[in-house]
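Per-chain residue numbering starts at 1, and chain names A, B and C are given in the order in which the chains are listed.
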Amino acid sequence: MQTNKGKGERKMQEKKYSIKTDFSMLAILIIPISVAVNFVGGQLASILKLPMYLDTIGTIFAGMLCGPWVGAVAGGLTNVVTGIANPVNFAFIPVNILAGLVTGFLARKKMFNVWWKWIISMILMAVVAVVSSAPIVVLVYGGVTGSGTSLITAAAMAAGANIWAAFFGTEGIFQLLDRVISFIICRLVIQVIPPRTLVKFGCGMNYIKEKDKK
Amino acid sequence: MAVVIECKDVTYYYPLTEKPAVEDLNLKIESGKFYGVVGENGAGKTTFCALLRGFAPGFYKGELKGEVLVEGKKTIEYGGELSAKIGYVFQNPFTQISGVKDTVFEEVAYGLENFGVPVEEIERRVIEVMKMTDIEALAEKNPFDLSGGQMQRVALASVIVLEPDILIIDEPTSQLDPEGTESVFRIIKALKDRKKTIILVEHKIDLIAEYADEVLVFEKGHLIKSGDKEKILSDISLLDRGVSLPQVAILGAKLKEKGFPLRKIPVTEDQAVRMIRESLKEGKQDA
Amino acid sequence: MENYIEKIQIRKSNKLAGLYPSTKALIVLMYAVCTFIVNTIEVTDIGLPLFLIPQFLVILILCKASGVLGRCIKALNTVAVVALIILLVQTFLVPGGDLIWRFGILRIYERGLRTAVSLSFLIMNIAGIFVWLFQTTENKEISRALEDSGMNYKAAYVFTSTLQMIEILGRNSKTIMNAQKARGVETEGNLIVRAKAFFPSLVPLILGAVISSEERVLTLEARGFTMQGPKTHLFELKKSGWEGKAAAASVLITVLLLAGRIMLWLL
């Protein structure tokens, strides 16, 4: 169902967006920044001992500003680079690609403009994150990856819960919180980028109109 | 002299703006001359530079009326090859780094790699330019570990090494200390000696007075005055329009006002010393 | 005159570590295939793919022969932690099949043990061969190899720039964080306080990077980034001379292993 929707969207938007113009020089430079922000966000979250990863802020930022394809590249590249140090991360490349794609399509649909759309978008993003990582965590890693939340998953499994149920339950809440914080950060940054700069980004226009309205 | 850049009835709007950043600009830039660009902040100097290089509207988007021609061809019709003709250096030294090189040597060589210059020639040219810009001692340092002044010299070197005939330099010293400023101006002087066409935006008016051949004065998006530097910089009426003038020009004007017999208003220190000495001598002879 | 170009080059005396990146990639691929083949060879009464365990020795030998054993073990430690957790969780928590062993509340079932051994050592082996690849290959070589293999120069730029940007933003974030602490932003205390500290540290960092990327576009344009035509490279990838042998050996071993596996099925 979701893929059908995606195709429909693309067809509708074909006149306005193309992959080639999506990857403008500016977008190309945003990709390294996004990956680095993913890194820094994750580091900062662990320094501040926050119970979330917060390591997809850059991917979400790239998707919100430059659209789905740039977001997807930023997401995928993040796990390629972390995989160099710890190859276990390679398995999660599709999860991050999907995070960038979904955010980008939501941005094109102007789903980040009004507060009630924010809520829908964040829930959708969290659902996609959990649903896309579930098969990888369960099938490749048998439910646990050694991270903080996976210990809770393990505990739930020990208490007799089904492996899938254990995963969805613990991961869902944390992912939603994660997306909420990530989104707020990105929105704050976009809020202060001057409109003159904003227009140069693929989806930048979507945030300017709202500013002018205010 | 040959015209290398020409602006014909140029008016330019940034995106989302209703007031033009530059309006009704007509100008010919001649080969081998040094142009000093002055005016208040927001007068359109940086936009002017971006227009000459085609960054406006190429990168900044927005709306361009009229034509900007580089060697007879419109800037909007050029692709990447304009980088071989026009070198571009701007204010912030910290953003003028390729972001992919580990050493200053490689950083300076980066443009030549993009141009497809053979490796042996790259090495020769980079070493030569590093000597000229006094950065050879930094050759093996990481570009991100440099001070502002050092970085600005690396930025200049990275552009000079491409041997463009025209250089646009937009406030290269505004974020540098006096020492850094001096080192940058030594390089600019060397470029002038090599007969490059130079367009320099600079707030330090004494430096313009010393090096420029012609001065362009911008105010609120308009080119209000242009011409020989001695004529422009000795025009005391510009002070009222927010343009700063050399201290010696103001001194000269004041002296003249008080009846001191100066032949004309000086714009550089050397000139002032010479003229005042001459006048004093003449005065003695008269007496 | 200083020989700057020579200093940029990467010279490796070790013939294995110095293999051309694409040859290394082939070895990684072949090793992964071998690992999956070995995973299908089940021994003991309950069908454990035990050969995966000695197979891991190949990684250690390869790292040792390439002269990077110390660095590889460091990197393998993080992988080993993940593998160990998986091994324990799967062994003790997954029910199914016969009960093999029990002690107090701890129980091991047949199915749990099988997935535990298979998963954890698959991960060790596959992650291990990647660790070897990345510990013997420098980032500069990877991006150069990507460009050589026909990847767009812009993509190669993104890869290299990403590695630099991670370092720079990491540095900047520390500066900003210290500045925020000096301004009185609390970084310790309860969860809400700590979560609040997250924003003033990150927002200026991202904003600064985005704004400066505008000027970086102009910088790259001024350096001929979008210039048409072939580019030259100061850094040259070197072959160590063992490429042919190494590629042949890895393919041969894989084919033999596959043949052996098929024979076992047929018998």
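Note that a contact is a pair of C-beta atoms (placed from the backbone, for glycine too) under 8 Å apart; a residue touches a chain by one contact, two chains touch by 3 or more.
Bear in mind the structure is a predicted one, so any value in this text is a computation, not a measurement.
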Over the chains that touch one another, what is the least number of steps taking chain A to chain C? 1
With contacts counted as defined, which of the two, B-C or A-B, has more C-beta pairs across the interface? B-C
Chain whose average C-alpha position is farthest from chain A's own: B
What is the distance in Å between the mean C-alpha positions of chain A and chain C? 22
Per the centroid of Cα atoms for each chain, what is the distance between chain B and chain C, given in Å? 48
What whole-Å value do you get for the distance between chain A and chain B if each is reduced to the mean of its CA atoms? 44
Can you list the residues of chain C that touch 2 or more other chains? 157, 161, 164-165, 168, 216-217, 220-221, 225-226
Check each residue of chain A and list the ones that touch at least two other chains. 25, 29, 32, 200
Which chain B residues reach two or more other chains? 59, 99
Using the touch definition up top, name the residues of chain C that touch chain B in the complex. 1-2, 4-5, 7-8, 140, 157, 160-161, 164-165, 168, 212, 215-234
Taking the complex as given, what residues does chain B use to touch chain A? 14-17, 59-61, 99
Residue numbers of chain A touching chain C in their complex, please. 23, 25-26, 28-33, 35-37, 39-41, 43-45, 47-51, 54, 57-58, 61, 73, 77, 81, 83-88, 90, 140-146, 150, 154, 157-158, 163, 181, 184-186, 188-189, 192-193, 197, 200
List of chain A residues in touch with chain B within their complex: 25, 29, 32, 195-196, 199-200, 208
Interfacial residue positions of chain C with respect to chain A in the complex: 75, 78-79, 81-82, 85-86, 89-90, 92-94, 115-116, 119, 123, 126-127, 130-131, 134, 139, 154, 157-159, 161-166, 168-170, 173, 177, 187, 191, 194-195, 197-199, 201-203, 205-207, 209-211, 213-214, 216-217, 220-221, 225-226
